[in-house]
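Quick one: structure below, then a few questions.
We call the chains A, B, C and D, going by the order they appear; numbering starts again at 1 in every chain.
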Amino acid sequence: MNAYEQLKNLADALAPRLTADRRSLHRYPETGWLEMRTSAIIHERLTSLGYACLTGAKAVKPDERLGLPDPGTLRRHAEAALAQEGTPAAFLTEEMRQGITGVIGELRCGEGPVIALRFDIDALGLTERADEGHRPAREGFASRNPGMMHACGHDGHAAIGLGVAEALMTLRDQLRGTVRLIFQPAEEGARGARALTAAGHLDDVDFFIGNHVAPTRALDDGDVTVGTWGSLATSKLDVLFTGQAAHAGGFPEQGRNALLAAASAALALHGIPRHSGGQSRVNVGVLRAGTGRNVVPDRAEMQVEVRGETTKINRFMEAEARRVCEGAALTWGCGCQVTLAGQAEGQRSDPELIRRVGEILRETLPDIRLSSEQNARNWGSEDISIMMNRVQARGGLATYMRTMTDMASPQHTAGFDFDEAVLPLAVKVFGATVLGLMGVKK
Amino acid sequence: MNAYEQLKNLADALAPRLTADRRSLHRYPETGWLEMRTSAIIHERLTSLGYACLTGAKAVKPDERLGLPDPGTLRRHAEAALAQEGTPAAFLTEEMRQGITGVIGELRCGEGPVIALRFDIDALGLTERADEGHRPAREGFASRNPGMMHACGHDGHAAIGLGVAEALMTLRDQLRGTVRLIFQPAEEGARGARALTAAGHLDDVDFFIGNHVAPTRALDDGDVTVGTWGSLATSKLDVLFTGQAAHAGGFPEQGRNALLAAASAALALHGIPRHSGGQSRVNVGVLRAGTGRNVVPDRAEMQVEVRGETTKINRFMEAEARRVCEGAALTWGCGCQVTLAGQAEGQRSDPELIRRVGEILRETLPDIRLSSEQNARNWGSEDISIMMNRVQARGGLATYMRTMTDMASPQHTAGFDFDEAVLPLAVKVFGATVLGLMGVKK
Amino acid sequence: MNAYEQLKNLADALAPRLTADRRSLHRYPETGWLEMRTSAIIHERLTSLGYACLTGAKAVKPDERLGLPDPGTLRRHAEAALAQEGTPAAFLTEEMRQGITGVIGELRCGEGPVIALRFDIDALGLTERADEGHRPAREGFASRNPGMMHACGHDGHAAIGLGVAEALMTLRDQLRGTVRLIFQPAEEGARGARALTAAGHLDDVDFFIGNHVAPTRALDDGDVTVGTWGSLATSKLDVLFTGQAAHAGGFPEQGRNALLAAASAALALHGIPRHSGGQSRVNVGVLRAGTGRNVVPDRAEMQVEVRGETTKINRFMEAEARRVCEGAALTWGCGCQVTLAGQAEGQRSDPELIRRVGEILRETLPDIRLSSEQNARNWGSEDISIMMNRVQARGGLATYMRTMTDMASPQHTAGFDFDEAVLPLAVKVFGATVLGLMGVKK
Amino acid sequence: MNAYEQLKNLADALAPRLTADRRSLHRYPETGWLEMRTSAIIHERLTSLGYACLTGAKAVKPDERLGLPDPGTLRRHAEAALAQEGTPAAFLTEEMRQGITGVIGELRCGEGPVIALRFDIDALGLTERADEGHRPAREGFASRNPGMMHACGHDGHAAIGLGVAEALMTLRDQLRGTVRLIFQPAEEGARGARALTAAGHLDDVDFFIGNHVAPTRALDDGDVTVGTWGSLATSKLDVLFTGQAAHAGGFPEQGRNALLAAASAALALHGIPRHSGGQSRVNVGVLRAGTGRNVVPDRAEMQVEVRGETTKINRFMEAEARRVCEGAALTWGCGCQVTLAGQAEGQRSDPELIRRVGEILRETLPDIRLSSEQNARNWGSEDISIMMNRVQARGGLATYMRTMTDMASPQHTAGFDFDEAVLPLAVKVFGATVLGLMGVKK
């Protein structure tokens, strides 16, 4: 029985564990930088399997974390996570409790390529459906963390990563090279890849593989798409305008109106010129200003995002947006603070890697159907782009794949759920790709 | 001992009770249309004193209440009020529980003028200081209703009204005419006078007297100012813009951006032309829009107020404001709903009544110093204006007085408190004024 | 000598006349709906050649003319045109004097396809360079009409059309079908095609051919590009806001501020959402408002344009723009009038016709190099799109070609000039295409 | 015959000359800094009467002139003025030709107070009515300078000044002190007083008297009002935004949109907070931006004015306005230049001087009726305020009077004309005031 057949058998045998892992994570979803229980579970599992693990500041560069929750939220969540079912307290480090989440597991098997696999692990700030029509509710694994939900499948991604870890450790004698498993925090909002990349984990990578579950049929005609390209580059900006309060009836001239600064900024942001180089986007999604009807507002907060079909267009949009906010603040005599809260770049899977992975999969997993379009277009934004661009800039090859599964409701909605048959399938795909790229023969 | 000497003795004897009443009300402050415990206490006291009482729809016309809290808030507050110390449950009527608060007490003593006195009874939406440096906290009568506080002295006003009620009932054999005691809900935000006036209580009034505690020295050089004029007419508007949500990255053209409608409206509202006829004001005090960074906002709420030195200027401002909101909604393809949440008018105390009250007070209460400026300018807005204008339109005379007291901190601040010596003083002023206007000789 | 050789000889022989015609038109350039001398010259020439001519309301539907100059401008220009060198007064009809310009010439040669050729004839509102460095100035054919200039090559297009007319008339015995020569007014600003199309001239067309001179090398690698696609659909809007003047110091509240309506509209227009379906554009290119520093402006004019990568996107932009202007007017209590001043659609040359024309040219004019990209991308906007879409909607085939020539300065600049060798070249291309499509053998 | 009777006789005898002077000036009206012929005439007359004259940089500080016309306009007007009827070329100095207009005439008569009288001499940028119904047209003295008109009576003021000069020179033996006659340029738009004041002419003044013709009845119930107060302080600002042009269809992202900067500024300017200290005003009266529909506008000009009931309020408004323009420019990535084009302050006539002048006039010119309100309210703005404030700051007394006359149409309208009987009346008032303040007995 060759390595690929062993892999298939292992993955099929792991299926119940994969489902159990996914459901445990689904029940306790954790949004960006709060993946404390999640990281602890991964940390414990990888350690027990024999992986060398990096956590805390060795996994992500703390200062480069974007969109960090406030200290009170971190503290309260840490307390909650520790109290939850199945949290391995010994592996929930002090750094994790401070929001330095994410885990890197590494397995070195002598000479050979460095292959990094990325699994994102965070949840969304949504409230999950609680009715019987929703399978997770009916079967008891719906979210128990109020206002958080795994509605994009990252619970599955984390479970797949754990399955890949176990399968590759079992097959380690046949490996030639280094396997690096990157469990990434804070992908939603494009907040985590920057801090992971800054910690250097992509600098020596020869092959980089990411994968996302995607809805059957809607996007593709196979089980697996080997490469994708084109997600929009984006910058998420938190903007704070500060003015001077005054009694609006008594002394309006003493005020500095932060609400009007924000209003001016919102209008001008949406008026940033279209770009001839491709699609661009801007949205002021949230605006909160003022404390009372008769008080000149001294504070206004905005949540803004810009996007661009290319990193260059996005940089144009971000630079314009920052200047617009400064100008609006000056117009109304206010101060302005713009904080980067998330970032992704444009991305393109390498044709060479797509070709090689395609060959490997067709040869070693003939039952899996590959999509006819091998390098499909992505919309939305994904911070894996930052990792891919780093690998490519250093001479490595990267691809961002899709694995298809039936979904109960679209991603990012309260009724999201997926067919867990995709979990062992994805373990096979990741595993065979690693074996193939390391030159293991069928 | 003449009636005025009896009055003075009564007021001095009532002082402990006045303080106790004020502190009981201070401990359980109730904001507009939630004055349930307060109304029940007044209702019980006036009834036991022998006044004919009107409550519910006979006190205020329900449909004319402005700025009504939502049903859930009313229900929860009613439950809380019933459970609180000293609430006379039998007098907390079903109508009061629905937010139809306020009490009218009437005493008829044969032929003679109808004299209406107004006492406002509501608290503010502030959180009271809890430190030892704040006397109400130190002495145990600070607010126990979270987020509510008597920070403008209406607790004192209500206590004064109860004291006046007792004093005048005691002196009833000497009265000639009708005394009407109006305990007004929802003065803050200018929300209650309209509903009281609509119920007809001002239609047959010959003399109308209001009074507000005011800071010693800051505004005046005596103990009492007999008349004031000029508070700004105002309209409080709640504005809701409704649009259409859309994914801002995916399909921005499908959105209808309520946030931008609100932003446009805010800018244009502040650009309503100045008025050559006198001072005007406009403020968008609060703006809340949007649900997420990457969603086109489908909902935006604004709390707006306009003011004018005259009712006419305010009407101009309000009409402009309403049209601006409609226009901004149309600009961005949104809907718009503007709700009147408060209203006051311009006001002017009658010189004739000022003259008569001045004579009465100088003659019957010679120890009280009258301010040198007998008809002082008011700023801010006060919905007593609606009552005064109604009385004056029907041929009666009205004045709005001030009684000075030392204050620990300005009105409408979390550290507000006042010297309770003003309570019996105000009882004397109200009482002597009623006696004098009814022709009772010294 | 076959028809194609005859054609080549004819075109070469016509070269001096083509240059002379082009220079005469260049010397007296006429902007949209003022092409009176130009139309009269074409009218006379076609008539004398034996073409059946349509002018006035038979050429363009008067009510569908967009961006018409005001009556005074029409009257003054008619007087000037009549007085100019070489104007055939007898052919300058009363309708032309009213701005109903353009000429259709038709030649029927029995059974066979209806082939329409389009030549646009109008100039731009530019002032031409007058220095010796500019050949038209140096050689005496620079513009003598102040503020007007042939800076896009339509003088050449008209001359080519006259050359084609003469060549085909000479070869008429060999033709099978109908040749329709459409000399279109008011292409600049996309103002004329709509009125021509509304007159029905495209309804029965089997093959429709347009052509534009284009700069050598910059856009293409051959002499001729057989097809192009993709110019942006566009709508040009003239917007007038009307308010109420008032003395800004004395009675600002009496004003209705049209300047602020325009300012609000300008900002909101640039904030129309990006479209996920492709590129969109919006520009407020000109804003003129107000009469004096101390007067509330009662009038504001804007020149606006929107564009879309598709006609559908452009329709979205136009509908948004119209609503924005209405909303801004309402916001400021003003009236608003939006007038369509120009319009073009998205466009796509038919692959089938590109293929056939390519074969014809390669076979019959082997000296001419065809571009390697046969269906090149266009940017900018062109109202030939309206004609092409009409032909295609009725089952005909259309293509919009380019013929390359050296240019002294980019199109739409004051120093524009081109190498007149392109004129006989284009006559050959048009002529051979007509012959080939009518089945004339080489 | 005492000095006052002499004065009355002189004034009556001068009446025909006053009318002739006024009509000569009316026929050749000259707007601010173009009063070249006007200054030359005054210069010649004062010199011939024996006054010591200051012109050019000795009259007005050149760098402090506000709202100066461009050099071409100055040059063309100088040529025209020299060619006009009655221009004394020898007195039209080189400095005047450069727009350093205005004349100061001084007469020293020993010890005694320095009394300055101010006469403004400029016209308005209006086109005068030319029909027979308008007396100046009918009688041949309507404006011959296109687009300029004496529509505010400054032609009369200048004629009065010349009459006063002649009368006082005749009575010089009876004077005790110094008479300074200030013929001020560029009062309209509040552009000249600053430069005159900067030249020091008000620094040693004991009594300063200004006077304006005003419509009978409309403002007053007498022939003369001795004092006025309260004209609004104002600053006139010319604002230029500069951006970067770009093809709006091709490369919108390359533009810097000056039109949108101006639009943002216009909206925010009108949103400058109301001031609790009194009336304020703001107006963007003119906005001109952009060159073509399809070009991102690279240039926008605005004519702005702010006003305040006090100089302090106006300073607040001006500072806000300047910051708003800077902020709007920054918002859109543009440059911004704000130029002060006019300025006036708040003003208040001295009660002491009003009392003294009132006594003098009642005693010496008993036929003249003084208004019942001796210190009337002014609206509008007047740069005499700058002079008055300077005199008062240095310890002198100032008053700004009105002399009533019938007007054919309101000031600042194309049909303005006035009853010239006011001219000798005003000479008497000025003359008697000077005599009285110098202590000349009746």
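Criterion: a residue touches a chain if its C-beta (ideal position, glycine included) is under 8 Å from a C-beta of that chain, and two chains touch if they have at least 3 such contacts.
These numbers were taken from a predicted model, which means no experiment stands behind them.
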### Summary
Neighbour overlap between subunit A and subunit D returns B, C
### Query
If you tally the C-beta contacts, which comes out ahead, A-B or A-C?
A-B
### Query
By CA centroid distance, what chain is farthest from subunit A?
D
### Task
Calculate how many whole Å lie between the centre of subunit B and the centre of subunit C, each centre taken as the average of the chain's C-alpha atoms.
70
### Query
If you average the CA atoms of subunit A and of subunit C, how many Å lie between those two points?
51
### Query
Which subunit A residues reach two or more other chains?
250, 252, 257, 260, 264, 267-268, 270-271, 273-274, 276, 281, 296
### In the complex, subunit B residues that touch subunit A
189, 232, 234, 236, 248-250, 252, 257, 259-260, 262-264, 266-267, 270, 281, 283-297, 300, 303-305, 307, 379-381
### Summary
Interface with subunit D, subunit B side, in the complex: residues 267-268, 270-271, 273-274, 276, 279-282
### Task
Spell out the residues on subunit A that touch subunit D in their complex, using ranges where they run on.
250-253, 255, 257, 260, 264-265, 267-268, 271, 273-277, 296, 316, 320, 323-324, 326-333
